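Right after this note come the structures.
Okay, so chain A shows up in both of these, paired with chain B first and chain C after.
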Partner chain A sequence: MLSTGTGIQPPPRAIDAAASTVMASAFAGRKRVLPILEVALLIAASIAPLVLKDYITVYATRVLILCLFALSFDLVWGYAGILSLGQSLFFGMAGYGVALLSRDFGVGSIFAVLPAGTLIGLVAALLLAGFLLLGRHPSSVVFVSLGTMTGAYAADRLARGSHYLGGQNGIPSIQPMTIGSHELSEGPGFYYLVLAILVLIYLLSRFLLRSQFGLALAGLRENEQRIAFFGYKVQHLKAIIFAISGAIAGTAGSLYAFHEGFVWTNMLGVVMSTQVVLYVLFGGSGTLIGAVIGTAIIEGLSFWLSDNYRDIWPIILGGLLLLVIMFRPLGLISLVLGERERVGHFGPSLKETRNAAP
Partner chain B sequence: MPLLEAMGISKVFGKLTALDGAALTVGEREFHGLIGPNGSGKSTLMKCLAGALEPTQGKVTFINTDITSFTPPERARAGMSLKFQITAVLPTLTLYDNILLALQARSSLLDLAFSRSRRRLHEEVMTMLLQFRLADRAFDAAATLSHGQQQWLEIAMALACRPRLLLLDEPTGGMSLEERRVTGELLQPTKQHCSLVIVEHDLDFIRDICDRLTVLDQGKVLASGTVAEIQANRSVQEIYLRRA
Partner chain C sequence: MDTLLIATFEILSFGAIVVLVVLGLGIIASMMGIFNFAQGEFVLLGAYVTYLVHSAGLPVLLGMLAAPVAVGVLGFVLEKLVVRRFYAAPIVAMLGTYALGLIIREAVRGLTGGLYLSVPEPISGSITIGSLHFATWRGVIVIVTLLVMAASHALLAYTSFGLRVRASLENPQLARASGISTGTIYSATFAFGAALAGLAGALIVPVFSLFADLGIRFLIQGFVAVMVGGIGSFAGPVAGASVIGTFSAWLPWLISPVIADVLVFVLAIIFIKFRPQGLVSGRGVNR
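Presenting the complex of A and B:
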C-alpha cells in the first residue's frame, strides 16, 4: 500500500493515511525514558534542601551551578559537535566581570549582575567564534578545540599576571547578590534560585534542541559538509549555538562568583574546561539530562570520597571515569536510554499529524 | 541560454593536472552524462561544479550568474544540488528527518527555532518518501537501510530542495541490476523540473537515461553530443576499446 508508482503524486489524504500508519507502528510500544528521568530528578532536587544538612545544601547549590555550566558544554559538543575545550573562558570571564561590578561599582542586584554575566559570556563567545568558526571554509575540530583551549589558557595566565584582577589570589569577598533589599547568601534560598534558573534554561534549551533548529544542529554534528550542500550556512549555525552556549556558561559563572563569594584564576583556566568535558562524557552527551547527571554524580562522589578516602580519592574517581568511558562510551545515561530516543526525531508528533488529517 | 555552462575549467593538484580546459554545457531539463576512463577528471569536474573544489582556472555560469567563486551553500541556494559519490546520509537520524533536513535548508533561523515549517513540510517529506519507496521505513534510522536504499534516500534528499540542476556522482554505485533499473525509473519524473549531470560507470544506465553525453579523457573533453553521436564517435570507441 505504501509503495505507489513513481512520478504519480499521491493524493494528500493517502499521504496522511500512510504517515499515520507508519508513525503509529513506529511509535507503538516505544517507551520514553527521558521524561520520567527528568521529572524524577526534578522532584529529587526540589526536596533535597528539606532533607539535607545545611552545609550539604550549600555544596549542592554549587553542584547545580556546575550542572548549568555542563549544560552549556553539552549544547556545543553533544548537539552541534563543536569541541570547545575553552568553555571555562566564558564561565570565568562572566565570574570576573560580575566580581568587578560588585567590587568597583557596588552593583549586586540580581537583575543587573545575571544579565551582565550572561552578556559577557555571549559576547566573549561571539568574539571567539569570529576567530575560530567564521571563515570562508569550515574549520576542523582540532583547530577549534585547540583554539578554545588556548583562549582559556591565555585568559588564566593574563588574570594571574594582572594586578587589577587580583593576580594569583583573584578577587575575594564579593558582596552577596541582592534581590530588592534582600541579601542572598548561601543556603536553601540560593539553592532554589539556582534550581529555578537551571530548570528554566534546561527547558528553553530543550525546546530549541527539539525544534527544526535542533535538526539542523544534528545535521551539523553528523555531517557538516553534507548540510552545507543543502544550503545551510554552517558557520552561522555554529556561531549561534556557540554564542548561546557562551551565554549559559556566563550565567553559570556569575552565579558561581556570588555563591562562592570570590573568583580566582582557576575559573578561567584549562582545569575547569576539562572538568566540564568529564561531567558531560561521564553522564552522556547529547541528552541535556546526561550533563546534569554526570555533574551531580562526579561532584557527589568526589565530595563523599574526599571525606572517606582522604589520600587516594582522586585515583578512585579517575578509575571510575575510565571505566565508564571504556565500557559506556555514550555515558551512564546509555544504561537506560536507547539510541533512538537519544537522537530523537524532529517531525511533527503522531498527535499533530492525526489532527491535521481531515 | 543554457542552464549551466562551464568553460575552460582547469584543476591542478601540485604536479598533477586533473582537468585541462574542460567544458560542459547543460540545457534546461536535460539529462547529461559525464563519462570517461578512470582518472579522466569526471569527479574533479563535478566537484568544481558543486563548489567542493575551486578550479585553478575557468568559469562556471549557472542561470546567467557567474558562480565560480560561490560557496556550496550559495550554490545550493541558487538551485544546485548534489549527491556525493560516497553515500552521505545522516546515519543516526530517521529517514524522515534526513528528508526534512534537506527540505528545511532554506527556512529562516527563526522559523527553524519555532518549528514553523514543520507542519507545512510534513506532506512534502512523506510524498518524497512514498516516491522513493521508502515510506514504510520513515521512522527507522538511515543506518539501517541497505546500500541501495541509502543511495535512493540520498537522491531523494538531493531532490527535496527542488533544485534546477542535480549533480549525481555515481548514483548506481554498488547497486544490483534490479536496483539500477528502479533508480532509472525514480529519476525519470525529475525531468519535469530539473536538469541532471550524471557521472556513472554503467554505460547502459547512462545510455538509457541521458539525452546528451560528454566524454572526458585525461582532463580534456574528447567529445560532446547526443547519445547517438557519441556512440558513433571513433575516438570515443577507441579509448573505451583501449581500456577494455
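Presenting the complex of A and C:
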C-alpha cells in the first residue's frame, strides 16, 4: 500500500485482537513468558541496591524514573497508536512545576509535590489532547505527532528565553524531597521509593489495559475505523489515554527533578522526547514490560559505553534503533515473546464466562 | 521607506531559504507519502560537504556543486537499502528515517567536534542601489531558489520522467502494469528530494554556519510548512513554505524573536487543525 496523506494508519499488528482473545483462552494452559519476565525483573530490581555500589544505585534510580516515563509513552503509542513526539512536554512541565514549588514556596513534601507534578502532567495533556485529538474531524497521525513535537519545541524555546525559569541553565539546586521530617536524598531509600511507585503504576496500567477499556484501545490501534463503526467514541478514548499518559509522565518528571536536584531545558524539549521513543521502540512497544526493558538496556549500555566511546555512542544508538525498526519492528521483546501472548487476553477470564455470557 | 525595502528583502531571502529546504521534503511527502524525518540531516550533510571542500582548499562554489550530487547519491543508496522497506507503513517510515537522521546528525557532530564552523560566501560584497545595500549572497539565494523551483516544476510537469513519477503517484498498480518500474521511480524521486536538501544546505551554510543541530531547526519548520501548504501537490508545499518563511522572517521585526519563533508554529498548528487539507487542496502537478 502506498498512499499519500489520508491513508496513514498505525502499523498493522498481525492478529485481530478479538479473535486472539478466543485463541488465548484456548491455549491458556501453555507456558507463558510474560509473568516470568515480570517477576524476574522485579526480583532483580529489588535486590539490586544490596549488591550494587552506591553510585550505581543512584544511576539505577534515574533509570527507574526513566522507565516510568517510557511507560507513559508506551501507553499512547504502543496501545492507542498515537505518536506523541512531544511526551517530554509533560515530563518537563511537571519537573519545572515542582522545581518552582520548591524554589518559590519552599514546598518539598512528597505528599504535595508528587500529586502536584502528576496534576500538571494531567492538565497539560488534557488541554493538548482537547486541541489535537478532539474536534469534528479525526486528526491524522502525522498531525498529532507534529503537534506534540511542536508543543515540546515551543516549551523548550520559551523556557530557554524565560528569565523566571532560569533560561539556558534551568533551575539549579532544588531542595531534597521530604517525607514528614525525613529528607529523601539519592541512594537506596530513593531507589526503593521509585521502585514502589513504578510497580504501582505498572500494575495500574496493566489492570487498565486488560479491562474492556484496554480491549477498545487495542481495537483502535488495529483498525480505528472499525472501532468507530462499533459505536465507540474513538477520539474520546484517545484523549483519555493521552491524559493518563500525561499524568504518568508528570509523576516521572517530578521524581526526576528531585532526584537530579535541578531541572533544565532538555527535560522539556526534543532531546528527551527522542530518548523515550528510542527506549520504547527498542524494548518493544505494545507491551508494558518492553518499555521497561528497553529503557534498562539502553541506559545500561549508555552507562557502560559512554565512558569509553563517548563520541560514537549516539551513532551506535541510532544504528541499533534502525536495525530494530527494520528487522524487529516489535522490539527486542519479540525475541522471547510470541505474538499471541503479546496481544494477550482482555476482560474477565473467558474460560469461566464462555457459557454464561452471550 | 528605506528600512521597509531592506526588511522586504530580508523577508524575501529568508522565505527563499525555507522554500528551498521544504521543496525536497514536499516532493518526497507528496509523491511518495513518506514523511522523511532525515530531510533536515540531508540539509546538514549538504552544508558539511561544502565545508569539507572548502577546508580542502578548493573553491566554495565547487563544494556547492558537489553537495547536491553527494547527498543525492546517498539518498539513492539509503532508499535502496532502508527506506524501501517502509512504504507499506508510513508511520514506521517516520521512525526509520528518524533513526537515519540521528545517525547522520551524530556522525557530523563527531566529525565537526560539536563546533560552529563557518564557510565564507563564495560571492561576497553587497549591491548598492541608491542608498540601500543588499548582501549579494542573499540575492543569489533568492535567484537560485526561483530557478530550482521552476526547474523542479518543469521536470515533474513536462518531461517523460515527470510523467512517470506522476503516474506512479496516481496509481502505482496501473503504472506498473503499463511497464513503469515504480521501484526505480521511487529511488530516483527520493534521491532528487535528497539532492534538493543537499543544495539547500550548501547555499545556506555561509548564512547560518555549520553546526550539528542545523537540520533539526529546519525539520520542524519544513514539516509545518508542508502541512500548512497541503500534501499531495507541487504547489502546496511551496505555498506553505512561502507563508511560514515570510512569517518567520517578519514577526521578529514586531515582537521578541523567541515569542515570534513559537508563535509561527502555534499559529500554523491551529491553521492545520481547522483546515487539514492545507492551503492547496489538490493533488498532482498543475501544468
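By definition in this document, the second predicted complex is superposed on the first by the 319 of 358 C-alpha atoms of A that agree within 3 Å, B and C clash if a C-alpha of one lies under 4 Å from a C-alpha of the other, contacts with A are read in each partner's own complex, and residues count from 1 in each chain.
Convention: contacts are C-beta pairs under 8 Å (C-beta built on N, C-alpha and C of every residue); 3 or more make two chains touch, one makes a residue touch a chain.
This structure is a prediction, so every number in the text was calculated from the model and none was measured.
Chemist: I'd like to know which partner A:A228 touches here: chain B for first, chain C for second, both or neither.
Modeler: A:A228: touches chain B, not chain C.
Chemist: So, does A:Q168 touch the first partner chain B, the second partner chain C, both, or neither?
Modeler: Neither partner.
Chemist: Which partner does A:F213 reach: the first (chain B), the second (chain C), both, or neither?
Modeler: Once the two structures are laid over each other on A, A:F213 reaches chain B alone.
Chemist: Would you sort A:N308 into first (chain B), second (chain C), both or neither based on which partner it touches?
Modeler: neither
Chemist: First (chain B), second (chain C), both or neither: which does A:V270 touch?
Modeler: second
Chemist: Classify the contacts of A:L321 with the two partner chains as first (chain B alone), second (chain C alone), both, or neither.
Modeler: It touches chain C, and chain B stays clear.
Chemist: Scan A:S181 for contacts with chain B and chain C and give back first, second, both or neither.
Modeler: A:S181 sits against neither chain B nor chain C.
Chemist: Look at A:L146 in the shared chain and tell me whether it touches chain B only, chain C only, both, or neither; answer first, second, both or neither.
Modeler: After superposing on A, A:L146 lies in contact with chain C but is clear of chain B.
Chemist: Return the residues of chain A at which the contacts from chain B and from chain C coincide.
Modeler: 2-4, 7, 9-10, 12.
Chemist: Spell out the part of chain A that touches chain B in their complex, as residue ranges.
Modeler: Residue positions touching the partner: 2-4, 6-7, 9-10, 12, 15-16, 18-19, 22-23, 26-27, 136, 208, 211-213, 215-216, 218-219, 222-223, 225-234, 236-237, 240, 339-340, 343, 345-348, 352-353, 356.
Chemist: With touch defined as at the start, can you tell me which chain A residues reach chain C in the complex?
Modeler: Residue positions touching the partner: 1-5, 7-12, 83, 131-132, 135, 137, 139-143, 145-147, 149-150, 153-154, 157-158, 160-161, 270, 274, 277, 281, 311-312, 314-315, 317-319, 321-322, 325-326, 329.
Chemist: Going by the contact rule set out above, which residues of chain C touch chain A in the complex?
Modeler: Contact set of chain C toward chain A: 29-33, 35, 82, 85, 87-92, 94-96, 98-100, 102-103, 106-107, 109-110, 169, 172, 216, 220, 223-224, 227, 231-232, 256, 258-259, 261-262, 265-266, 268-269, 272-273, 276, 283.
Chemist: Sort out for me which residues of chain B touch chain A in the complex.
Modeler: My answer: residues 50, 52, 71-73, 75-77, 81-82, 84, 88, 90-94, 96-97, 100-102, 104-107, 109, 111-119, 122-123, 125-127, 130-131, 133, 135-136, 138-141, 157, 161, 185-186, 188-189.
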